[in-house]
Amino acid sequence: MQKILRKKSFPQWVKKLESYKIYAPAKNGDVWNYEAVNHSEDIDLDYLNSVLSPKKIIFPQREIFLEFSTSNDGNPEINEVLPEENPSVIFGVRPCDAKALTLTDSVFGGDFDDLYYWRRRDQAILVGLACHNPPSPNCFCLSVNGSPHSKEGLDILMTDLGDRYYVESLTEKGNKLLNLGNKFFEEPKAKDKKDLEKINLASEKKIKRRIKEIKKIPPQLKEMFDSPFWDEEAMSCIRCGICTYLCPTCHCFDISDEVLSSSPIEGKRVRTWDTCQFPDFTMHSSGHNPRPDKASRLRQRILHKFQYFVERYKNYQCTGCGRCISKCPVGIDIIEVLDKVRDYGT
Amino acid sequence: MEPNPYIPKLAKIIQIKEEVRGARPVKTFRTQFLSENGFSFRCGQCAMLSIFGRGESMISISSSPLVEDYLQFSILKMGRVTSSLHDLQEGDIIGVRGPYGNGFPIEKWKGKNLIFIGGGIGIAPMWSVLHTALGKKEDYGKISLIYGARTSNDIVFKEELEELRKKIEVHLSIDVEEPEWKEFVGFVPINVLEKKPSPENAIAVTCGPPIMIKYVIQNLEALGFKDEQIFTTVENKMKCGIGKCGRCNIGLHYVCQDGPVYSWAELKNLPQEY
Amino acid sequence: MKRTGVFVCHCGINIAGTVDVKKVAKELSRHPGVAHAEEYVYMCSDPGQNLITEAIKEKKLDNVVVACCSPTLHETTFRNTSKEAGLNEFQCEIANIREQCSWVHKDMEKATRKAIKITKSAVERVRRNESLEPISIPVTRRALVIGGGIAGIQSALDLANSGYEVVLVERSPSIGGHMIQLSETFPTLDCSQCILTPKMVEVSKHPKIKLLTYSEVQEISGYVGNFKVKILKKPTYVDPDKCTLCDECTKVCPVVVSNEFDIGLTGRRAIYIPFPQAIPATYTLDIKSCPGLLPIACGKCADVCEPEAIDYDMKPDIIEEDIGAIIVATGYDLYDKGLMAEYGYGKYLDVLDGLQFERLCSASGPTQGKIIRPSDHKEPKEVVFIQCVGSRDPELHCAYCSKICCMYTAKHAMLYKHHVPDGQAYIFYIDIRSGGKGYEEFVQRAVEEDGVLYLRGKVSKIFEDKGKIKVWGVDTLTGKDIEIDADMVVLATAMRPSQGAGELAKKLKIAMDKDGFLSEAHPKLRPVESVTPGMFLAGAAQAPKDIPEAVAQASGAAAKAVAILSQERLFHAPTVAQVNLNLCTGCGMCVEVCPYVSLSLKDGKVEVNEVLCEGCGTCSATCLRAAIQVKNLTPLQVHEMIDASLGGR
Amino acid sequence: MADEFEPKIVAFLCKWCSSAGSDLAGVSRMQYPPNVIPITVMCSGSMSPLYILSAFKKGADGVLVSGCHPGDCHYIKGNFYARRRIALVKKLLEFIGLEPQRFQMSWVSAAEGTKYTQIIKDFVEELKPIGPQTKLRRSS
Amino acid sequence: MVNLEDLKKEAKRILEEGKIKYIIGYERSPNGMMSMPAFIKNPEDAERLTWDPSCVYNLTRFLVDEKRRKAKEKKPDTRPVAIVVKGCDSRAVVVLLQEKFINREDVYILGVSCEGAGVVDEKKLTEKLKGKKADKIEFSEKDHFLITSDGEKIKIPAQEILAERCLECRANFPVIYDEVLGEKVERRPEDPFKSIERIESLSKEERWAFWKEQLDKCIRCYACRSVCPMCYCDECVVDTISFAVAADTTAEEKAQKIKWIERSPDSSENFVYHLVRAIHLAGRCIDCGECERACPLDIPVRLLNKKLEKEAKELFDYEVGFDPEKPSLASSFKDDDPEDFIR
C-alpha cells in the first residue's frame, strides 16, 4: 500500500493511533533517543541519529524475567513476569536500525523462542523514515547489504518529499495503521513516485563511507584469528561498552538476581545488557578467562559481526549505522579496522 | 503458549553427599522436580541450577538418563552460586532448567570399546555416559576408566569407584605421593601413556581441567587415536543456556547449545578460546 | 548454610517490659539460617547459660547470637559459654536490645520491631564471623630505658627490682640528668644531690641493670615483646675499670671548654669527669675539644695516667640488644637561649637562666653555694626573677605552660633570701600555678617569711646601665610602670623536649605532639603508654613535669612494662586487619593512616603486623581497592547488617 | 487516617564513644524515638562512604555517623579521617539534591547520653516533615 | 607555540636511542575530526605524531594498560615508555606516582604546553561548523583556533569552542616532565569552579531534577570509568565477579563479592554508581574531563568530580596532582579541618 501524507496531517494521523503506545525520537540536551511521546505534536522527524537504536524498546536494557519470594513454609516461590500487552508504534525508525532487528530476530528465535523479546517485537509496529541525508558522517549501510531507504524489517517506510511524506506500508500491521488514519492519506501521483526515486538515488550518493570488497573479509578474518594484528588494533581500546551497547545488532546479555529483601528472600531475576568488551563477560569463577585481554575482546566483536554471524545466519551482524565509530571515545573505526583486515598481509 | 525457556522448574534436593572435603570441596546432589513434568535428557547434557537471590550456574548432569527418579549433580564449590549450593540442606528447593547442550553421541558408539579418562571434578559429565553405557553393557565393547585427582582426598565418587572395579577396569592416580597410595602416582596424561589403551575400535572420552585435556589428547594421539575417536567437553561461562546471551561462544559455536561435547576433530578446527 | 542459634534475654522485666521477647524469638526463628531461637528470663544466669550450651550441642549450632544487654557487660560471659560448648569464642555476638532499645523506648510494638532488626543484624554478622584464636607472641623479658635522668633511673630501678634485666642508655657520660644539677628541691628544700646520688649508685651496682652511658639508640626494629635495638656506644677513651679517679689528667690537659654541668658558668678540660659523683665514676675524653688523639698532637693525659687507663684506640661499639619493652625518658632541655635575646640573655653576664641559678646556689657549684654576680663576683642585692620566659607565649614562643617554673622561681627567691638576707627578690609573673602537695604553702612562705615581692606583669625591657641591669615593666594590678635597678636577673625559661628527642621518636615510631613532646596513647586513660605497644613514656619527655610527677610516671611506666615482661607470651586480639594481596596496588594510603604503624609496604604490597594492629578499620575505609579489611567486621558484614537494619530492604 | 511517617534511620556508632554514650542513655533511662537502628563499628574512621550510600539505597530515610570528639578517638586519629571523608560525602549528597538533613554526623562521647538522646530526637523531628527518602532508594 | 617538528624530532631521537619502549602520543585520524591515540614504536613512525587542539585524550590512561601488560610478560621489557602529556594529563602522572602505581623511571614524559588555550570540545566545534567536518584544527595566534573545513580556513576564538574543563583549567603547563615543548604561559581562569557554582546556585529540588534527568540517561557502558587514568583498580565495585582471583582464592572469597551496585540502569543504581565514582576520585581527579567527553549520552559526570575538587580546595586546601610526595587527600587530615557540619 503506497500513500502520500501531507506533513501537516502527520500529527493528526498519530492522534488516531491513541490505542498504541507511541515512541519517537526525542532530544534530550544534545542527544537524540527514542522515547515514549504523549503528544503527537512533539514528534520531530527532523532528527539526527539517535544514540541508542530502537533496539532498546524491543530489547530493553533491563528486563524482569521472574520474581522470587519466600512462601510461608520458607521455600522459594517464583512468579514469571512477562512484558505487558501493550501494542506500540515506533516512529522514525532508520532503515539500518530496522534491519538490525531482523538480525536480532534470528538470535532470539530458533530452537528456543525468547518470549520477552517476541512479546515486545510482535507488539511493535515499526514506522521507518528513509534517510534523506545520512544522519551520521559515519553511515555505511550500503556496504552491509543495506540502503538509506531499505524496507527490511519495517512495517511502514516514510520518505520525506519536502512538504509531504511518501508512505509505503509493507506489512499487514502497516496497513492497519494506515487505515486508522485513512482520511489523511492521498494516493501517490506519478510525480510523487518520480520524486521518491530521485531522493532515493540522491540519498545513496550522500553516503560517503564504504567498506570495500566486504566479501573478502569473512574468510580473511578466519585466517587472522591468531594474528598480532589484534594486539595492535586494541592498543587504544579502553574496554568500555559503548560500541556494543549502542550497536543496534548487539544482543548479549547477563542474567542476575537482584535481591530486594534478604530476610525473607525477595527479589527479581533480571536480564541486563552485557557486552563482550567487559572482562567479566567470559571470565570463569575459577579466574580463567578465555578472552583475557582487550585484543581478544576486540577480535570477538569484529569476528562475531563479520565472521561467526555470517557463518551462522548468513548475514553481517552490522547494518552500517556508524554509531560505534562516532561514539568510540578513542576513535576506533570499524571501517578502518576492516580495511586493514582486508589488506592484511598483502 | 510456548514454554518460557528462562523460567526454572522447582526441584527438591532429596540427597546430599559430601564427596570431597577440604579446600576444593565437592558435593553430590540429587534432585526431584516438584511438578510431574520434569525433563528427559541425553548423557553429557547440562542443566541450569538456580538459587533464588544468588543466581544460576550451569552444571552437567552426572546421573544416567536411565535413572528416572532423580537428577544428580556433582558440584565443585567454586564461586557465588556453587558456594550457596554447598550451603543447602536436604529438603531445600532449588530451580532447575534445561537440559542444555548436545550430549555424547553414545548411539554411534555401539560396539566400540570405551575409554574414559578424567581428572578431578571432570568425572561428573563422564559419570552419566559411563553409567549409561554400563546399563547397556552388551551394546558396547570393553569399558575402562582412567581417573586421577590431586590427592586421594580429592577423588570424587570414591566408594562408587571401588564398586565399579568389580565391573570394569579402573585405573586411579594421584598427583603426588601419599603413604597409603598403592596405585599410580603422577598426572593423568602420564597414566594414559602408562596404561596404553588401544585405539583399535575405541572411543576415548576425556574430561577435566583444560591443561589435562590438552596433554591427554596429545598422548592419545601418540597412542594412535584418530581425532574422530577422541571426545571431550568444553566449559565456558554461561548465562542463558540457549545460545542467546553470547558469552560461551567458540567461534560460531555456542557451547551451551552446540557443545559441550566435541570430538577432537571438531574442536581442533575451532578457535582456541576456551 | 551455617546454623545460628538466637537467645533472647528478658533481663527480668528490663527487656521484657518493653520488648515482646517471644515475638523476637519467633521472628528470628524464621530468619534464614536460624536453626534455633528461644527466650529466657535471665540468659546470664547459670540456667540461662546452660540453655545456650545445650542448644549448641543438640542443635549442632555453628554460632549464636544473644540478644541482651550491652556487649560491654556480658559479651565475655557468653563468649565463654559458647567456648565451653565447643564453639570458637568469635562465633558468639551480642545484640544489644537493652541499653540501645528496651531502656530507651516505651512503645512495645515499635521497640519489639527495633529489637528484631538489631537481632537480625547481629545474626547476619555472626554468620560471617571467622573463628579466630588470639595472636600469641613470645616475650623477651628484658627492658630498655632510654635516658638516665631521674625518670629513667626510677624506671630502671623499679624494673630491676621486679627481677627483670634492664638496659639503661644515657647519651651523656653520666646519669643523673638535670636533677643532679639542682641545688635544692621544692617544696621541702632538701638537697637534690643528696637524694639522687644514692639512686645513681644503686643503678651502677644493680646486678640486673646494664648501664650504657655515652651511648645512643641507633636503630630499632621488631614489635612489642620482641624489639631488636642497636645501641651506639661512643668511645670515652678512658677505661673505667683502670681509672682511679686521680684527676692527674685534667691537670695537664691544655684545653679548656665551657662546662655543660655548670651551664657555662665554669670551664672544664677536654678530658673530664662531669661532676664528682658521676656514675659511672670515670673520665671521658671529649673528642670534639681534644686537640688530637695522636700522641704527636698532644698526648699529655696519657703520659700522666699511671694506670694506663687512657686508650686512644678505643672505637665506637655497636651493641645489639633483644628487648621486650621500652621506656622512653629523654627528659627536657631549657628553651633555646638564643631565642631569648629580648631578655638580654647571653648579652649581659648577670642575666641567668634557672639552671645556672641552681648551680650558683648549689654547694657543689662554681661558687660553692655563694650567690655572687658572674660579672664582678659581688653579692647581688636586688634580684629580679621573671617567670614564663618563652612559656605561654603562643605568638612568639611556646604556647604551653612549663608547669614547674612558678614553683622553682619561688624556691630561687627563697634560696636567694636565705643566702642574702638583706637582699630583695622581685618576681614578675602572669599568675601563680601552685597546684601540688605543699606547693601553695611554699609560695606563701616565700612571700610572707622571705618577703619576696611578686609583681604581676610583664617585663618590657631589660638593659645594662652603670653596672646595674635595668628592668622595666608594668604592674598590671596597679597599672603602674615599674623600674628596677637589678643586680641580677634570673629567667624561668620554658622547658622543651630534649634535643634529639624528635629524631629518637622517629626511630621508635612514637608520635610527637605539636610541641615535640612524645604523645601518650590516650590523654586520660593511657598517659604512660605510647601509641606503639610495648613503648612507654616517663618524665618530661612526655610533657613538662616536676620531680615527683616524673618519678610517679616512671614507676607507672615500669609497672606497665612489667605487665608485659611478666608474661611468657603476649596475647593480642585477633580481630586485626587482613590484606587481599590480589587487590592491593601498594599505594600506601593505609600505611599513612594507620595510627599504630602496623602496616608497611613490602614488595609493592601492604603487610600487616598483626601484633601492632588494633583493628580500628581506618585502613579499610581509606583503601580505594577494598584490599584491606578487619576480620569479623568486614564490609560484607556491615553490608548485611545495614540490610537487616532496614528490615531487609 | 494514614499513620504518621516514621523515618527509618541507621546510626553508625563508634564502639568506644558513641555506642558507649548510647548505652549510657539507656542506663539513664532516657527516652528517644525508636526509629534508629544502631550499628556499632570499631571507629568512625572505618566508615566507608559505601556504607552510607548503601543504607540510602536500601531505603534509609536518614543516616547518622557518630564518633568520638576530636582528640578523644580510642584509635587516636580515626575520627579525623572520618571527619574529612564524611564532609566530602555530605557535600556531594547535597550537591545532587539530597536533603541535607538526611545525612548527619555527630561527636558523642561515652559520657554524653543526653547529647545522643537529643541528637536522635532532633534527627527524627527533622526528618518527619520532609517525608520518606525516595531519591536514592531502590524502587523496582 | 609548540613546534610540532620539535616534538617529532625529539620522538625520533629517543626511539633511535633505543632507551624507550614506545611513545604514547597523538596522531591525526584518517576519517574522524579529532586526533586519536598513537603508539609509536619505530623512529620512522614519529612522523605520525601530532599536537593540535584536537588532542583531547588523557593518554596516561594507557600507562595503566602498559603496567598490566608488563606484569603479564614473562620477560618484561623494562625500558620506560614515553608519553605526551598536557598540563592536566601531567597531573594524572603525578597522582599515579603519588599512589606508587607507576615509578618515575618507567615513564619518559614529553610535556606539551597548552599555552594560551587548551583543546576543543568536539560538540561545540560541530555546532559552530553547523555539522560540517573539520579537516584540520590548529592553534592560531593567541586565543584563537584555525579550522580548515571543506578547504576553507576559519579562525574561531578559543573561548567559543574550548572544552569546558579547559575554561576552568589551572594547569595549562605540565607540572612534571623530562622534556617540555612550548612556552609556559600563566593563564588563570576567572573562576575555576564556575560550572559548579552554576549548579550550586540552584535550589535543592532543581539540583535533584537536574541530576535525575542526567543520570537516568546512563546506560552503564562504564566509558567514564574506562577512560579514567585513576580508575585503575583491578576490580571495580560494579564488576559482577572478582577479577583478582589467584590460585589460592577460596570459593568463599569469590562468593563474598559484595553487590553494592546492581547492573540494572535503574535510577538508584545509577546514582550510587556515579556517587561512588566521584567519591573514589575525590582528591585524585585532575579534571582532564575525559569521563564527560567519553559519555555517549552527554551526561556531565565531570561536575561530580569537580564538585569534590572544589570542596577539597575550599575545606582542606588540597590540590590534586602537583606533588607526588604529598599524602593523598583521604590519607591525611589537619587538626583544624572544618567540622561545623558535625553535631
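First chain written, first letter: the chains are A, B, C, D and E, and each begins at residue 1.
Keep this in mind: a contact is a pair of C-beta atoms (placed from the backbone, for glycine too) under 8 Å apart; a residue touches a chain by one contact, two chains touch by 3 or more.
Small disclaimer: the values here were computed from a predicted structure and weren't measured.
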Which chains does subunit A share as contact partners with subunit B? C, E
Which pair, C-E or B-C, has more C-beta contacts? C-E
Centroid comparison with subunit A (C-alpha atoms), farthest chain: C
Interchain centroid distance [CA atoms averaged], subunit A/subunit C, Å: 71
Just the number, please: Cα centre separation of subunit B and subunit E in whole Å. 49
Rounded to the nearest Å, the gap separating the Cα centres of subunit D and subunit E is 35
By the touch definition above, subunit D meets two or more other chains at residues 50, 54, 77, 81, 85, 138, 140
So subunit A residues touching two or more other chains come to 254, 256, 259-260, 262, 265, 274, 283, 285-286
By residue number and range, which residues of subunit E touch two or more other chains? 237, 241, 245-246, 249, 251, 254, 260, 266, 330-331, 335
Residues of subunit C that touch subunit A when the two form their complex: 30-32, 120, 124, 640, 643-644, 647-649
Write out the stretch or stretches of subunit B touching subunit E in their complex. 23, 25, 77-80, 82-84, 86
Give the list of subunit B residues in touch with subunit C in this complex. 87-89
List of subunit C residues in touch with subunit E within their complex: 128, 514, 580-583, 585-590, 592-593, 601, 604, 622, 624-626, 635-636, 639
Name, in rising order, each residue of subunit C that touches subunit B in their complex. 1-2
